[in-house]
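Please find the structures below.
Below are two complexes that have chain A in common, paired first with chain B and then with chain C.
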Partner chain A sequence: MIATFDRVAKWYGSVIGLVDATITIEPGVTGLLGPNGAGKSTFLKLLGGQIAPSQGSVELFGHDPCRRPHVFRDVGYLPEQDAFYEDMTGREFVIYLTRLHGFSASRARKLAEAAIERVDLVEDSKRRIRTYSKGMRQRIKLAQAIAHEPKLLILDEPLTGMDPVARRRIMNLVAEQRDAGATVIVSSHILHEVEEMTNRVILMYQGRVRAWGMRDEIRGFLDRYPHKVRLECDNPRELALRILELPGVLSVNIEEKALRLTTRKPDDIYDALPGLVLDHGYTVDAIEAEDVGLDAIFRYLVA
Partner chain B sequence: MPVDDASYRAWDGQARPSAMASVAIASTMVRRLLRQRLLKALVIFAPVIACVVASLVFGLIAEGKVRIDGAGRPPSAPDIASAVRTMFGDSNLLAYLNRMFFPSLLSLAVIVAAFAGAPLIAEDRRSRSLALYFSRPIRHFDYVAGKFLTLFFFLGLFLLAPPICMYLTDCALSGEGTAAAHLGTFGRSLIPGAVACCLYGALAIGVSSLVERTNHAVLVFFGIIMLAFFAGNMLARGVFRDPSWLAVSPFSAIQRITSDVLPIPRQFVQDNYVASLDLSAAWWSVSLWTGGSLAMLIWRIRKVEVVA
Partner chain C sequence: MNNLRGLVLITAQSIRQSFRGKRALALLFVFGLPILAAFLTPPTRANLSGFLSVSLLGFAQFAVPFAGLALGVAVMGDELEGRTITYMFTRPVSRAAVFLGKYFGFVLGFGVVIAVAMYLCTMPYDKQVDFTKTQLLGLMATSVGAFAVYAAMFAALRALFTRALYVGFFWIFVFELIVSKMPASGLTKMSVWHHVAVIEMGLFEGRSFFMQELQRGFARDETWQGSVLSLTVAFVVALAFGSWIVSRREMPVPAAVA
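Up next is the complex of A and B:
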């Protein structure tokens, strides 16, 4: 395992940052989700050893990150806030921070240049950072995080301020890191961004970890909330009658060329539907599970 | 999986990354600070002027145009007039040159320390760069050491380069045997600079760790030096009428130490009253100011969570 949180709590004076978090971070991409103020940044700072827990323990690669800074030789960190020397060029900035990993100046230069190329900032890397746009700042921060080819990449709101093309590039870069065997933890308050990158999530709200694991597993645990399924078909009334006979179906709403149903057992619907279609000759154009997205899961969790 | 597990990915950086971190921090910070014109001018000014003046004085002496008497006071019109007739005692020459520079150098070193030291940590706190530093495999000690090295570079260039330049000029122009004969004087001439480096360096970086804005750090640093100077003088001259109270001021303490370690007669110390300050009190003052500043820095760095 990469990191563990064991009953971790963090207070900033009387303000709660994180409460009773017990989590294990597995290899792969993990999304850290929650609205602003949910405790995402506190979580990442604890993981990055930048603040110490008020209670409980954090382990990164089996060590306390606050006491054993050597664990960071394989960690790349992209902070949420801008943290620059504005008078430096982007290239100087990345080389400098790469050197802090113990690389010689020449090796750091090569690694930095490769990272800058990966974030597509080669042309602007010799400009001073003070002239950079928000998106370029995010990219140069990402370059310094990946330059030393870390095993664990911690990205705090990496897509903030980026245009769609840059967002896509960063998402692809996260996928590349994952495919190369790195573990990536990416936080965001925009759910669909994370949804595109991973199915493994940690959902946070008001300083608490509400759920963590694979998205479908989390949804499966939310028994209180029936699943909503929308079917587009040619004969919704007849299909609705058949579906109501299935166990677990709670309600069906009929629309002109579609029906919406709620069920506690969505898998039964998906299993039975091919038989219904074949036996009765219905045409089903589309099946859509309406509330398995992170948006719906999150809404249920904080309700 | 612990990072020191044999199955963990091979590390191709330095064997001890943190060992090089301080050097990397210092070299980068020096380059950045040298972009400031004032600082650049100050650090270039001191050794260049030292070389020029030393060469000039040695040249004039070699030509017999200037006489420096045994007491080692600055040349006056009668001195120059009698330069042809009387040669100087060479053992005082280096001391004389140092005496010309040190009072003004020590004053200007406060400016160098303020402008070079103030931004070192304050800027990192303000820009939240500490988060980037401490997500690297470096210790707090490496970070602080890097910042100290940066400031020592500037203060060292300013306070230690002039004596070195003078000594080299002395060796080059005074003939054979000078290098060995004047080594003691040269060694002593480095001590005030080294003491000032440590004291001003610790104080400037300590102050820098307290605030988040560079200009605030500069003001606080100057404020402490000025306040201590005026408080020391007021207590010593007015309230208690005891020169020991001058030790309250680190500036006065360094001046007193300078007057002791350099073979300069007390009457040539800029402020004669400072010469009456007890030497041990001066050393205590310097030690307490330096130690106190370091303690403040360590407390601050340990206490402040870097991005909270």
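Up next is the complex of A and C:
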């Protein structure tokens, strides 16, 4: 088991940080999603052992991260805050923090150099961190998190302040970590960023975990919100009549070369469409499920 | 990660850190003042009393506690206010090792500066006082020891609450100053400076000019050994308490200033 939250609650005085969170983190990439103030940072701080739960228990590799620092041997942590030992060079920074994982000086140097290369900061690694741009600072933070080849990588808002090229690079790096067998937890308040990295999400809002699991599964549980499907076709009017005969279809809106329908049983639509197309000779150019994206799921969950 | 190895790494890093920034410059200035006073006062027999009160006692009563306070609160304060504590607390090193590593780094780094500064303070008066090696080493060790005790106390206080600096200023420049003028009592024995003075008295036993200056406010039964023991106990208790606090309490990282 990588990490578990068992009925965890956290209060800061009278302010709620997290309420009744029960979650198991599975191997692979998990996106932690929610607007600012949703409780994402509290969640990650609890996981990183920086704060203790007010109620319930958090376990990382089977141990309490607050009491057993040895669990961090296999953890890489990228904090949200823009904080550094500003007088150090990027290289010194990564080597120092890698050495604290128990590596010899020479091994730590090699690991640090490899990590710096992966975040594409070799040329600037001998400059003091205080001279770094926002994107470079974010990348050197990432280098210290991955240098010791952790089994669990916790990334708190890793794409903040990065240009599109650097964002893409980080997303690729997350994928590489996943392919190498590491578990990655990545938090963001930008839905499409997470959507590009993973299908497994934890959706948070106002200190509560609203849903967690695979995106499609979560959408499947939201029965009271009919699914929206858009079909691009040559004869939308006729196709609409056929589709209205299918069970579960609630409404159909006809457009010039497309139709939008809402249904409680989207799978029935997908099953019936090939038959309709073959029997009646319609041409369907595209089928798009319109509200399976995270933004739609999130909207439904917090509604 | 072996905690001892982590402690040594953090100590080495802290030594480098202790000499960086405006704080280091301010401390070097504070230590420069008693040295300057010693060099500017004409080194005559008649000036010995002035030398004692300005250089030696000024050094022990102001410069050393000031350095102990500034660096003590920085042990956890630097990491917390710089919000770098997250890097430390997400490594396989115990929090006590982080606390002690930072502490020993600062104390070792500036301990050398204090020892040298103390030696420089005595230099102009060496001929008049005719310091023995034991006395010189004793003075240096006492200053470094007092610095270590102050730093341990204030490091533990900073681990306990944010406004330790204000409490420290009150302690050094109000409480210790007042009790240094009071007759011997349980209260005076709570002052670190009191014990420093008792140890310095012990170093110069039989040297009448030192005794006159130092013996005000001390009980007759006080010995330098007793004061060494008191300071040692304070040192150990402060470090143990600080380590315990850091291990048990949450260390909230302050929010970033926009």
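The working rule: the second predicted complex is superposed on the first by the 303 of 303 C-alpha atoms of A that agree within 3 Å, B and C clash if a C-alpha of one lies under 4 Å from a C-alpha of the other, contacts with A are read in each partner's own complex, and residues count from 1 in each chain.
Operating definition for what follows: a residue touches a chain if its C-beta (ideal position, glycine included) is under 8 Å from a C-beta of that chain, and two chains touch if they have at least 3 such contacts.
Bear in mind that the values here come from a model prediction, so they are computed numbers and not experimental data.
Engineer: Clash or fit: chain B against chain C, after overlaying the two structures on chain A?
Structural biologist: clash
Engineer: Of chain B and chain C, which one touches more residues of chain A?
Structural biologist: B
Engineer: Counting only touches as set out at the top, which of chain B and chain C does A:P35 meet: first, second, both, neither?
Structural biologist: In the superposition, A:P35 contacts neither chain B nor chain C.
Engineer: In the overlaid three-chain picture, which partner chain does A:G62 touch, first (chain B) or second (chain C), both, or neither?
Structural biologist: A:G62 sits against chain B, while chain C stays out of touch.
Engineer: Have a look at where A:P274 lands relative to chain B and chain C in the superposition and call it first, second, both or neither.
Structural biologist: Touch partners of A:P274: none, neither chain B nor chain C.
Engineer: Looking at the overlay, what does A:D87 touch: chain B (first), chain C (second), both, or neither?
Structural biologist: Both partners, chain B and chain C.
Engineer: Under the stated touch criterion, which partner chain does A:K151 make contact with: chain B (first), chain C (second), both, or neither?
Structural biologist: A:K151 sits against chain B, while chain C stays out of touch.
Engineer: Name the stretch of chain B, from among 56-64, 128-136 or 164-172, that runs into chain C once the two structures are superposed.
Structural biologist: 128-136
Engineer: Which chain A residues contact chain B in one complex and chain C in the other?
Structural biologist: Residues 48-52, 69-73, 75, 77, 79, 81-85, 87, 96-97, 99-102, 144 of chain A touch both chain B and chain C.
Engineer: Okay, in this complex, where on chain B does chain A touch?
Structural biologist: Its residues touching chain A are 1-3, 5, 8-9, 11, 13-21, 24-25, 28, 32, 35, 123, 127-139, 305-308.
Engineer: Hey, which residues of chain A end up touching chain B in the complex?
Structural biologist: 1, 12, 45, 48-52, 61-63, 69-77, 79, 81-88, 92, 96-97, 99-105, 107, 144, 148, 151, 154
Engineer: Could you list, by residue number, the parts of chain C that touch chain A in their complex?
Structural biologist: 1-2, 5-6, 9-10, 13, 17, 20-21, 82-84, 86-95, 250-253, 256
Engineer: Enumerate the contact residues on chain A facing chain C in the complex.
Structural biologist: 48-52, 69-73, 75, 77, 79, 81-85, 87, 96-97, 99-102, 144
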